[in-house]
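Only one structure is covered here, and it is reproduced in the block below.
Read from first to last, the chains carry the letters A, B, C, D and E; within each, the first residue is number 1.
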Amino acid sequence: MSPLELLSAAFLLAGAAFCLAGTVGVLRFPDVYCRLHALTKVDNLGLGLVVAGLALQSASWATALKLFLVWLFVLISSAFTCQLIARAALRRGAVPSGGRREP
Amino acid sequence: MTDVLLDGCLALCLPLLAWLVLRTESLSQAVVLFVAFGLLSALGWARLDAPDIALVEAAVGTGLTGALLMHTLSWTEETPPDVRARARRRPWALLATAALTLLLGWAVLALPADSPGLGPEVEARREDSGVKHPVTAVLLNFRGYDTLLEIAVLLVAALGARAVNPRSERASSDAAKDPLTGELFRMMTPALLLVAGYLVWVGDHGPGGAFQAGAILAGGGVVAILTSRMGTPRMSSLRVRWALLTGPLLFIGVGVAPLLSGRRLLELPEKLAGTLIFIVEMALTVTIAMVLLMFFPGTRPSRAGRGGER
Amino acid sequence: MNPWALYALSGVALFSVGLVGLFSHQHVVKRILASNITGSGVLLVLVALARRMSSGPPDPVPHALVLTGIVVSVSSTALGVALARRMARLQAEATHLPEHEPRSDGEGP
Amino acid sequence: MTSVAALMVWPVILPLLGAVLALLVGRPGVRLVAGVASVATLMASSMLAWEVAHQGVLHQSIGGWGAPLGIEWRADGLAALMLLTIALVGPLISVHALDHFGDREDREFLPLWLFVWCALNALVLSADAFNLYVTLELTTLAAVALIAVRRDLPGLDAGLRYLLFALPGSLCYLLGIALLYGAHATLDVGTLAQRVQPGPVTWVAAGLVTVGLCLKTPLFPLHVWLPPTYTGAPTPVTALLSALISKGSFYVLLRLWLEVFAPVMDAQVGQLLGVLGAAAVLWGSALALNQTQLKRVVAYSSVAQIGYMFLVFPMATSGARAGAIYLVVSHAAAKASMFVAVGNIHQAVGITALGGVQGLAHRMPFTFLAMALGGISLIGIPPSGGFIAKWLLLNEAIGTRQWWWGLVLLVGSLMAAAYVFRILRGSFLPLPPGVTVRSIPLGNELAPLALALIALVLGLVPWFPLDLLAIGASR
Amino acid sequence: MTNTWLPLSVLLSSLLPGLIIFLLAEEQRRTRTLLNLLAAVTKLVLTGVMAWGVYQGRQYETRLTFFPKADLVLRADSFSLLFITLSAVLWFVTTIYAVGYLEGTDHRSRFFGFFSLCVASTMGIALAGNLLTFFLFYEMLTLSTYPLVIHRGTPEALRAGNVYLRYTLTGATLLLAGVALLYSLAGAVEFTERGALSAVAAHRTELIVAFVLLIGGLGVKTALVPLHGWLPVAMVAPAPVSALLHAVAVVKAGAFGITRIIYDVYGVYLVHDLGVMQPLAMVAAVTILYGSVRALQQGDLKKRLAYSTVSQVAYIVLGVSIFGTASTIGGLVHLVHQGVMKITLFFCAGNYAEELHVHRVSELRGVGRRMPLTTAAFTVGALGMIGIPPVAGFITKWYLGIGALEAHQPWLVVVLLTSSLLNAGYFLPIVYSAWFQAPREEWKPSPRRWEIGLLLLLPTVATAVLSLAAGLFAGAELSPLGWTRLLTEREFRP
């Protein structure tokens, strides 16, 4: 394995770990705001790492650029989605739980 | 080895997920699971070397359908409880499913294991079709007539959907002034147009085409409708009708024109075929985007808003 | 087992799950979901059949058919959803405002 | 290619173009556009039928690609007859619909009906299994939109019910076609007919196709959606559904079964379809006898009449084929006239119960004449198309030594007579006090009469349709 | 030389006026009456021309393509002319009668429309040149008589209509099965003298089954016991309808059909050979006796006449189902005789009901003084039914009796005699009390009203005169008897 491949593998593994963490967060966090936090922030990071890992393996710059664009679009859309969902939740009266799990 | 593992996992997960979708008591959970199911199946399409389908599935089959269903739930919550989903236990359901699967599986496994299908025929005539991408060649040329009727299907669905929910609702005007979504659209619109144009262009020689492009365009529009920045396009507006119908008219025209020179329906002259297909696809992209938008009848006015309305 | 056979069997299973689900559920949304699943199953079978040669590009004809199929299924889903939505609304109006005739289609398309 | 085969284009393209243009022009011109498109399509269909009658079967490869790659059209006598039926029956129903609906629904009804027309013509001409699927779906969706066009609760409920039964039907059909494609790498019906072999793929595919199409038609016991749907839909739409749309799927089934499956299937399967058809005849008629709503009587009668059509499968001779198609055609005219007449009655007195017809025979003579002529055709008494159909089927039943199907026919006729005269005889009673009869536009009275006269003429000159049917009949 | 237009014209001469009458408004009384009479006269003339032509040996045949392999055939042979002439004459008189009878009632356009259709169907039945054509018109007859039966629109009439339909449609179903069975054996069986089935005579079982089905189907309209139930119930119809139903259209169509089946489809030798003739004769005999006995029990005049019809029509069937010339002549000639006599009786019953509102036999005391001409006509009809010379009925019974003896079936003579006694038993008391008993109070002959309107009286008297004439001039060459003898000799020519 070349160093490049090793690096790529490391990125991919780290990305996968973040994604896993994000998913656990969505499942375990107590309220909608915390879950959004886990979903957007952690998953975006995970995706970024995966994209980086794949970009290292890609054959051409064009492909790498496309991969990067994918990440960019996901970043934008998840930021807005997060915002929209949070606002909708607030409007419907979902109260932040302050860290405690509801019974 | 890993391939088989991945394929096997996917092949197993899809039916299980489907089962879950239907077993879940909560409708919103079911819809979310369905979206997950759609994404997973898009992965399956990709595994089967069908990137065109994966694209359409992700954008239309899952994205838009998911949004549509989610959107509907906000209405059907008001359905009286007796019509609600009742998770009745049906022991026969599992049995029936298994029996049906076995029967159909028996037939599937009896199929020849290595048939190339019509692949060679398509390959042999691809040169004459005017496009390089075989799927586009089949879709717009070899079986272009199917596609023509399919456009009619879309029009009918749009017409029907608008006929039963004619109002184009926007929850509140203040939502339209929301700076956040305004920013989003300022950023997204050029990108969407670019991507859509690219997809139509690339359809000539690679995965892409009018449906994918139309779906992308519609995606932007749907977000606009759902955030109340835009009303659903209305059939009463002449501009909307032109946007909707230019594509079909052009397609019919291109299909019928060869008859004038003694050719058959949709028998495009070889030299012009590529250009004609590109033009038709551009127009159809707009049609498809319009149709998909028409499926979304706007956001539901909030309860308070409804109270004020009356 | 060949990958195509795996997916074809998976498609067949999806078809069965969806079909049985369609006839064993009452709620409109559930039935629409079930019909979508049924459709996915059929399309999966088609795409799997296109991939039976282990080398070379897949058969493009089923791909085109499946694209058509997806569009048709979206159209029918949208139409079904539109009807369901209108029904829910009429029922809601009927229960909330029994004294009023639910007549709110002032505006044509 | 000859210019004659190009005639096949117009019955499909003209209504499609008409529908699109009607949508485009919107409020002011929709009637004009639809009218022009209807006349043009009628002419195109007649010309095509004329050519088929004189030149025999016509073929066309759309796009010029040829069979396995492209889509083929085939116009034989059967297709020509169906085109003519649609072109005569459909516009008459839509004439009735014009007054039935308001201005708003007009703008939706007319384009949607043109889409249905396009889809049915495309279905009739198509010789490509997948293209048939697309036409079936186009028909279904347009039908659903039509059913719900009044956007009232019964219509919406009916539309959803229809959609949710028709969809799995189409999907079953599609899976069957997928299996056939997987086995034979073609979607062309003619090529499939040459390639199918007995075996699990063919059996399962035939089963899927048959079940799917039976769901849509519908055949007993898959008919549960029919009565509520037919009752809930606006009456002109019910007429369309019963007269034409349900015939589309039956037509596909008949074609595929006789041309592709029958040679490689066990005869027992045909018998099974026959048994279900017979059950439909008896069950549908019995329920029709027990209805108290006028429209439901006519709706249940459709269940029974569809049952007769399935008697073609156990006999599977050319005579039985002719009989079944004759029934398809005459039932289209007769049942459309019955439903349209029911619509008139409802419009005139606002009563949906069976007793609502009391005393109306003199107020609405044409409507009741139409009802009587239509009813006669349903029963199968001469002179009517229904009789010819029954006669052909009865002869085949005797000729193939399956007299029990003949018995079903005869018993079914008697039951039909019972429910038809149950409607008719009330109209001779004096008008009950307190009932006011609103006047009906003459066009609405004449539309059902014209439809009924089609059924009558079918009974008077059967040689013409029968000669036409013989063109291109495989056996 | 074949004339192709005349048979069709005879059919259209009542079909077209019928269709036009439907379109007339209720008030257009004159137009309607004129049209009716014009049509009836036209038909009489056409029939006369055709009868003369057939007598001269000319051919009359209209052939229209129906199925690719089967035609609709209208052909005038001597047997059909017997029936057509009867129908044309009786239609003419009945039309006049009906115009008078229905004066001032509702729905006359509908009535006369269906009335004409009914006659057109009868014409079609008479002219039918093959079994398929026969069946088509036979069914048309059922449909066009139903509205006449329920014409009054009362619940009772509707019930009668139901019974009528139940019987006739079941019969039609049996008939259809029989026709289809024969069709699959031998095609669209053309009516041929001495039978058309000799080629398939080997299929004995099928032929017997088909025969039973056909006779069962036709037997309903003929009102053979036990298929007669509809006839007395259908009496609720207006008198002209009953007259037509009993004398010409429905019942006769059945009897005519049975004759056609035996002589021109199967051929009398084949029927004899199949062994189905004797059972049919027995059914006819039972019907004769049963009808007479039931008639005796009826207090209602029209019901009594109805059961008398049941019995009298069975004479026709009896005649044709005894193997031999004399009995056949008797049966066929009764087709005409019974028609003329029975229509007279129904006209009389209608006159009594219309003028005096009398429906029951017991109320007819002394009616002869109030309505002498009607009662005289009734007397002629009644005597004819009993079989007293010189009225036509005697001829029938004479030939039937001889035929029974020729066929070595003397028991039939007993049946005939018994039935004649019973006939006398239910007719003579009426005649007696009508003439010789004291009239009821309210019937004192008034200077203003004597008898009844001319439109009702003339047809009644005319048919009575015809009944007498048919008996008196039976020896003439063109009398019903003469015609029938001609016919029968051809059928039995070996």
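By definition in this document, a residue touches a chain if its C-beta (ideal position, glycine included) is under 8 Å from a C-beta of that chain, and two chains touch if they have at least 3 such contacts.
This structure is a prediction, so every number in the text was calculated from the model and none was measured.
Q: Which chain is most remote from subunit C in terms of Cα centres?
A: E
Q: In terms of Cα-based centroids, which chain occupies the most central position?
A: Taking the mean of C-alpha atoms per chain, the most central one is D.
Q: Which chain pair is joined by more contacting C-beta pairs, C-D or B-C?
A: The comparison resolves to B-C.
Q: Measuring between Cα centroids, which chain is at the maximum distance from subunit A?
A: Result for the farthest chain: E.
Q: Whole-Å distance, subunit A centre to subunit E centre, using C-alpha means?
A: Spacing between the chain centres: roughly 97 Å.
Q: As a quick test, compute the distance in whole Å between the mean CA positions of subunit A and subunit D.
A: The mean C-alpha positions of subunit A and subunit D differ by 55 Å.
Q: Using Cα averages as centroids, what's the distance between subunit A and subunit C in whole Å?
A: Computed value for the inter-centroid distance: 30 Å.
Q: On subunit B, where are the residues touching two or more other chains?
A: In subunit B, residues 104, 108, 111-112, 115-118, 122, 142-143, 146, 150, 153, 156-157, 160, 163-164, 235-236 touch at least two other chains, as defined above.
Q: What are the touching chain pairs in this one?
A: Touch list across chains, by label: A-B, B-C, B-D, C-D, D-E.
Q: So in the complex, the part of subunit A that touches subunit B is made up of which residues?
A: Residue positions touching the partner: 73, 76, 80, 83-84.
Q: Across the complex, what residues on subunit C touch subunit B?
A: Checking each residue of subunit C against subunit B gives 2-10, 12-21, 24-30, 32-34, 36-37, 40-41, 43-45, 47-54, 56-68, 70-79, 81-86, 88-89, 91-92, 95, 97, 104-105, 107-109.
Q: Where on subunit D is subunit E touching in the complex?
A: 361-362, 365, 369, 376, 379, 381-383, 387, 391, 394-395, 398-399, 406, 410, 413-414, 417, 421, 425, 428-430, 461-463, 466-467, 470
Q: Can you list the subunit D residues touching subunit B in their complex?
A: Residues 1, 3, 5-6, 9, 13, 16-17, 19-21, 23-24, 26, 60-65, 68-71, 108, 111-112, 115, 118-119, 122, 130-131, 134-135, 137-138, 141-142, 144-145, 148-149, 151, 156, 175, 179, 181-183, 185-186, 199-201, 203-205, 208 of subunit D touch subunit B in their complex.
Q: Report the residues of subunit E in contact with subunit D in the complex, numbered from low to high.
A: Answer in residue numbers: 22, 65-68, 107, 110, 135-136, 139-140, 142-143, 146-147, 150-151, 153, 155, 158, 161-162, 165, 169-170, 172-173, 176-177, 180-181, 183-184.
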